[in-house]
Amino acid sequence: MSMSEQGASGPGATVETLLSVRGLSVFFKTRAGETQVASDVSFDLRRGERVGLVGESGCGKTVTGLSILGLLPRGAARAAGEVRFGGHDLLAAPERHLNRVRGRAISMIFQEPMSALDPVFTIGRQLSETIRSHFDVSTREAQERGIAALDAVGIPLPRQRYFEYPHQLSGGMRQRAMIAIATVCHPDVLIADEATTALDVTIQAQIIDLLIRLSDENGMAILFISHDLGVIAEACHRLVTMYAGQVVEDAPLDDALVRPRHPYTAGLLASMPTRQKGARRLTSIPGRVPSPADMPDGCRFAMRCTHAQPDCRRAAVALVTTGPAALARCRRAHELTLAGVAA
Amino acid sequence: MNERVIAMPRPPEGERTRLASAQDLQVHFPRRSGPPLRAVDGVSFDVVAGETFGIIGESGSGKSTLARALVCLQPITGGALTLSGRSPASLSAASLRLLRRDFQIIFQDPRAALNPRMTVRALVAEPLEIQSIGTRDGRRAAVLDLLDRVGLGPEFADRYPHQLSGGQRQRVNIARALAVRPKLLVCDEVVAALDVSIQADMLNLFKDLQDELGLTYVFITHDLAVVAHVSDRIAVMYLGVFMELGSKAQITERPLHPYTRALLDAAPQAVPSYRRVHREPLQGEIPSPLAPPSGCRFRTRCPLAVEVCAASVPAWREVQPGHFVACHRAGEAMVSTDGTDLRSQGVRSAAR
Amino acid sequence: MSGNARFLWRRLSQFLPVILLATIVVFGLVQLIPGDPAVTLAGEFATKERIEEVRRLYGLDRPLMVQYGAWLWDALRGDLSQSLLSSKPVADLIIDRFPATLIVVVGAVLLSLAVGIPLGMAAATRARSRFDAAVMAFSSFGVALPSFWLAMVLVYWVALSWQLLPATGSVPFSSAPGDAIAHAILPAIALAAAGIAEVSRQVRSALIEVLASDYIRTLRAKGLRRWRILWQHGLKNIGVTLLTVVGLLINRLLGATVVIEAVFAIPGIGSLLVHAAINKDFAVVQGVVLVMVLIVICLNLIVDFLYAAIDPRVARG
């Protein structure tokens, strides 16, 4: 219904860290060798926290989400680094362990609910098989839990919908069913990869509210992966901005939006058309994202950055602390005053 | 059923040229069994030379069918369409082809519209050749000029579509549409698939082209922020009909229709003070266009719906000069049936 | 559910015209065979008058339409007329011969599926590996391999040299099931080689596509075991492809059995057809071809019905 009072700031620093991504790098195998699509990605997710991972296509946000659950295309991709969860490193864990985590402790939902659901199995079957692969319960018990899950995500007539096929549901209902499947085992973490992108705006608002409610009620942490800063702003406590495979900014949501510390975050905000901005020209980011095969040595954003200095291009830039629990990968983070949105 | 009063939205500023005009325009698709699919079911509006006319709607609203009808890609089944003062239905094939030059359309998926085996040069030259405009040499120069206009250097002329990014492909599409010097360009979800910084570039490009070439746009999108950014006037479409039409300020700051307000409320906002935090999102989903609700088509999701909304189709009436709405409870409808003051929402969106 | 019913009704209503068309084609084709049935009937040394008499006797002088009508009417009542050579009813001949063919064809289909599906699945999950390349090479080879050649090789080695299985002939299933199966094994293998190749090929390409789809990723994200993803979701999703393949396979095997029955000296309907054709026994040719065509049409109808059962979206389309 509405964001809880913790809304603006998120869980305090004392809340336990659930998931910790440390130095994650992802490589894709190509004919010409390996290309790196994510470099040294690190961030934490605390219990009940909603973190937004924003960036444009090809920035590495989706592969980051997939690597957490070991879902990168087998054989074609490789992940290095660490994903700490429940005392284990998921990147090093055997498939058996991953299968106990997937869908039970960490779940994932995707952009297209139509293609993400198996078209030839009923919604109920897809729910009950999830339950039965994690809990030793009877078919009957699994069915009751499945119907309860459909009810919990606001699907009307859950007992009837349970026996229907994905194509019999509308787009919004399909995404709700997808969320029901992902949350039926009450996971600690939900990874939502562009989960509202394909939906109409009124349905998108419903789904965002549903995810916020589920997160608040069950203390479920959510990693919101989206290209849409608006969606993340509505839902999250914390914003992690990715550019060209790197995390370039990691800060509490409103700090990042109102006073961004990385020129790329500021650039994204300036590019967004809003009805408040009126018909003024939008400030776009000049140039293009460098290709993974041709990454510059220095700051990867320098060639598009209006604040870049010669030094920026010389050596790789590390993340610097810009405030309490705030990091930015910019040599000038402390001296620049960048425009964000109005407070 | 069709006793609705047709009030014609007038062009905003007196005697400017009406480039396109729709009166009770309908596009119905017959079906093997059952009643026809009424994709566009009686919309009336004028598009005035030099303006950007925005149409916003969710999937199933019929906005894309309307877009195709406006450029004669989709025959209309009822009402009247007037383009440059003439009715396409009454024209000979030759005159229709000439007329259609002036009314071009660009679609969402730039890849689908481009033949992968043709170079950018050939793609942009194609419409000129089809319409046999200019000499061979004249066309060569025109292609480079067009590419320059859409921000692509001459080095792009010999590339193939797969060598271009999404934004560049969309620019090629725009160059193709501009090749025949149209008066009106219908843009159907042209920035939907693009990253936000590329989208900003494209929106700026549309603005520049309008300033340079005096183009008129019909900008069709599901994205409220985009439509509000580019449009002079905005029509809000739902299940084949217009719910509200007015100037950008009227629609985004003083919306009268509950659906318009719901759209404004639902649009995600980055600005902290505008967020939906305490707003109740619209319930339910858009009903099937095959069986639209009786009376007002929005009533099944409308927080303000009362009996009359199911009984009769609300008239399309002009509430203020240039501001049209089809709602039984428009204007008075600032307070919900349960007594909650909904006014705050409108005011919130209007603030600043 | 009404969508399903409508789909089935539509298919059924197309069924009768197709059957009618098939009878016309079968009847017409037999007319095109060179040779005169009256000559065959009258015997090799008959006089011209005798031939004309026979022609009148059997109604062969009537207009074709009338002949067709009479033939169809008889066929509808189960009377496929009599063999011109042995004077036995054609229907009885077919019923006598059919079980021997059936056991070989069914065996070949089962063998094709039992070997082809796991092979295709294994290749798909290791796409572009060496194993995959080997399966595909075998498959190309299997498709191209003439079944009669394989049949002769099998007879020579397995039956004659190693004496593992009987070389020729057939035993009725009802009298000695074990023996009947033993006799059917070699012909079934000879027929199945192409079937295995085809099934594994189609399963592989369909499954590669399925495995790359979003819902397989969802299933992995839910923590489902690999074998469940493969054998439950994978198999059901390629079900439509598989059905099509099986349908085509049976059609093809029914044709190929003509040659195989000759090699193994099996008294099935294939050898019946060959024998009849050589001896210009038009009534038998007509009857056997009609039955085979009807079997194929019915099979396709069953496949269509099963489509709707496997894929809930088919009925809507």
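Should a chain be cited, it is by its letter among A, B and C, assigned in written order, with residues numbered from 1 in that chain.
FYI, contacts are C-beta pairs under 8 Å (C-beta built on N, C-alpha and C of every residue); 3 or more make two chains touch, one makes a residue touch a chain.
Since we're looking at a predicted model, the values are computed, not measured.
If the chains shown are joined wherever they touch, the resulting network is a simple chain of contacts running from one end to the other without closing.
For the pairs A-C and A-B, the count of C-beta pairs in contact is higher at A-B.
Inter-chain spacing, taken between the CA centroids of subunit B and subunit C, is 57 Å. The centroid of the Cα atoms in subunit A and the matching centroid in subunit C are 54 Å apart. Subunit A and subunit B, compared by their mean Cα positions, are separated by 32 Å. Annotation for subunit A: no residues touch 2 or more other chains.
The touching residues of subunit A, counted against subunit B in their complex, run 1-3, 7-8, 56-57, 170-173, 200-206, 208-209, 227-231, 233-234, 254, 257-258, 267-279, 281-285, 288, 341-343. Taken together, the subunit C residues at the contact with subunit A in this complex read 213-215, 217-226, 228, 233, 236-237, 239, 310-313, 316. On the subunit A side of its complex with subunit C, the touching residues are 69, 71, 95, 98-104, 107-108, 110, 112, 115-121, 129-130, 133-134, 165, 167-168, 178, 181-182. If you check the complex, the residues on subunit B that touch subunit A are 58-59, 165, 195-201, 203-204, 207, 222-226, 228-230, 252, 262-278, 280-283, 285-286, 301, 349, 352.
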